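After this come two complexes, each holding chain A, first together with chain B and then together with chain C.
Presenting the complex of A and B:
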């Protein structure tokens, strides 16, 4: 098992949670369009794929989804769009120490390893709650002997991580997640770029957005130790949407597209 | 008049700061005393009781005082991700996040409130009860994000010295 850099890249998307079944999800198509729009005439071979876990999660979260549907049914809820409310509700109600969450993590890990076994360089794009699953699974893979030898990218099942509207800066997620897994000695760096809109309330937990200056989300995980082996950057974007709508507006953002282009081509 | 105002100001500003710092220290000391641990790290295996089965059957209570300023006292279950040190009390958080430390006989109650904003944060309540070498650790954690909140309660039973 080794990554073959001559093979087409695979951009693997993991979504946030929302109502509807897995068939309703198409974020990988949006990412495909976004990346194609940034490539211009550059002949880059790539595919996009989506890890779906909604059907699995629906069973565990049915009571919360009933509640969310009730909220959506009232005039305030209707003004906000059901998708945004679904995502936010599920961020807070999702339990990451349950058997369902463990199945989701295992499924995502299996999907990554399937791409790895085929030799395709894999890049993960994770939205909302999906970014927490991605964080957990990638760090878990790094802790395994068989993968992520720092000096050999061919042993890396994931070449880079992009997170969109991640709630990882909220205490409910970061209080227990204190650090990323260090890759050890070497000079190859694993890249994690976190995009956020300042008015996205899922990122900051604030009703009316967060100031850009001095606000660290993913960058809280940076370490001065050269053994960490991660490049971690927070990148603010202006999605053109505000508040809850900003949380679901990353998929066609040119800044995100340029960042993804940069990651998969370098 | 001016000295009186100055003294009043100092009293008002320094007293709360002193008391909240003490509360965090009290919480840390109370946990150590409750478990009677002298080592920097202690771990106890246990089982969940009266807890939804989705959290699994086993639990592990860990007290880690190995890194000054980054101590923690947490519970992990069979399905807790490897990247997480679990749910519980984090002593790397600011002093004023500790809101209750109440020790009475064989019972210890701790509360910590981590705020991201006025509408978002987590509130963790822990009740530890010891009887005949058996400790029941109850953790009730409420997470809030904007319009939503969710509470989970778990009970982990461990055997001291077991």
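Presenting the complex of A and C:
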């Protein structure tokens, strides 16, 4: 199969840390609204889709949830602790090389290849911890012989990556992610744009949302080698919100929408 | 009585501390694109100032009517610049594409987006768009953006200020209409 550039674009979203189950997730709808709001009067044909993995995470965490229910008798305390387990569990799952993380990566890869088989150009938008899975899966696909022949974008299952509020700059995610997979000789470039708010605590690892200074998070992966084949841009964005509110404010940020428009149409 | 007063003071402080002042900067200019067609260009960026902590702003977006490209002027160690993308941009009247990281334009005089104010803003553009089979061309739409030229473009930037308690998504201008 090959990608057909004349077919409608697909924006595939992978979510990040969540509470609740997969049915609670609608980030692809938010991305659809965001992109539509930045089209102006351009008739762009596109669809959005969401890869849900929260149910897999919840299954992995169920034994801890049961334990909490035994320990915490108070319903309010139980609810709060359960939410904390849900969120922290997501982080641990993504950080460690667990079987659940492997299942999530495989599921996301299958979803990408489903879109590839249909021939639609696919663009990935990954939020928070979802960006770790996206990074792993895209690099994994690049390492396979069948995909990502550098001079032919028709062989690329993913045409570009946008990450939002990614924790990839934190040392806890360094293991196994020291570099991106080089595409080899050629002049076509894989684009990765990393949007982050300077007060987003998930990006900075600073619990109280102190401003993160400097310019490099994803750009630490840039290489002077012409064989790398990646264009990597860190883009600090003013979401208009602070701290944890900033972490979930990318979905309707028009600057992110303009960046997505720029990527999807080219 | 003292406890009540202290609680009221805390409540007020907790309400005010996360409050933000928002500025939306924007300007429109009659320009031509690299194909010589008259196309309006719109520039915008936002800034958020908190009661405590440093302000944050940007990036600066430049939109040209009928263009599928949205040009970002990013704050970098080299100033506020439009970094060209290999395969998508080339220096005007030069063969081949730009090298990764090549500067395709810059905001003049100021190096930090948070320092920019309303009033005249000068910026340069040195590059023009390149296309490949994945570049969408439909009707008048194409990747072609504001024309590269030696002298800077001068935008008359307006500021719109607002205030919010817990922050607000910037209300930015629409992309310029393609005729």
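Just so we're on the same page, the second predicted complex is superposed on the first by the 222 of 266 C-alpha atoms of A that agree within 3 Å, B and C clash if a C-alpha of one lies under 4 Å from a C-alpha of the other, contacts with A are read in each partner's own complex, and residues count from 1 in each chain.
Here is the rule we use: a contact is a pair of C-beta atoms (placed from the backbone, for glycine too) under 8 Å apart; a residue touches a chain by one contact, two chains touch by 3 or more.
Everything quoted here is computed from the prediction, not taken from an experiment.
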First, second, both or neither for A:32, with chain B first and chain C second: neither
Touching partner for A:140 - first (chain B), second (chain C), both, neither: first
First (chain B), second (chain C), both or neither touched by A:176: first
Touching partner for A:100 - first (chain B), second (chain C), both, neither: first
Which superposed partner A:199 touches (first chain B, second chain C, both, neither): second
Partner chain in contact with A:231 - chain B first, chain C second, else both or neither: second
Shared chain A contacts, counted only where both chain B and chain C touch the same residue: none
Chain C-touching residues of chain A, taken from the complex the two chains share: 5, 38-44, 121, 153, 159, 187-189, 191, 197-199, 210-211, 215, 222, 231, 233-243, 245-246, 249, 252-255, 258-259, 261-262, 265-266
Touching residues (chain side chain C, partner chain A) in the complex: 18, 20, 22, 45-48, 50, 53-54, 56-59, 61, 63, 65, 68-70, 72, 74-77, 83, 85-88, 97, 100-101, 131-136, 138-139, 141, 143, 164, 166-170, 172, 174-178
Touching residues (chain side chain B, partner chain A) in the complex: 53-56, 70, 74, 76-77, 79-87, 90, 93, 114-122, 143-150, 152
Residue ranges of chain A touching chain B (in the complex, touch as defined): 60, 64, 71, 88-89, 91-93, 95-102, 105, 135-136, 139-140, 143, 167, 169-172, 175-178, 181, 201-202, 204-207
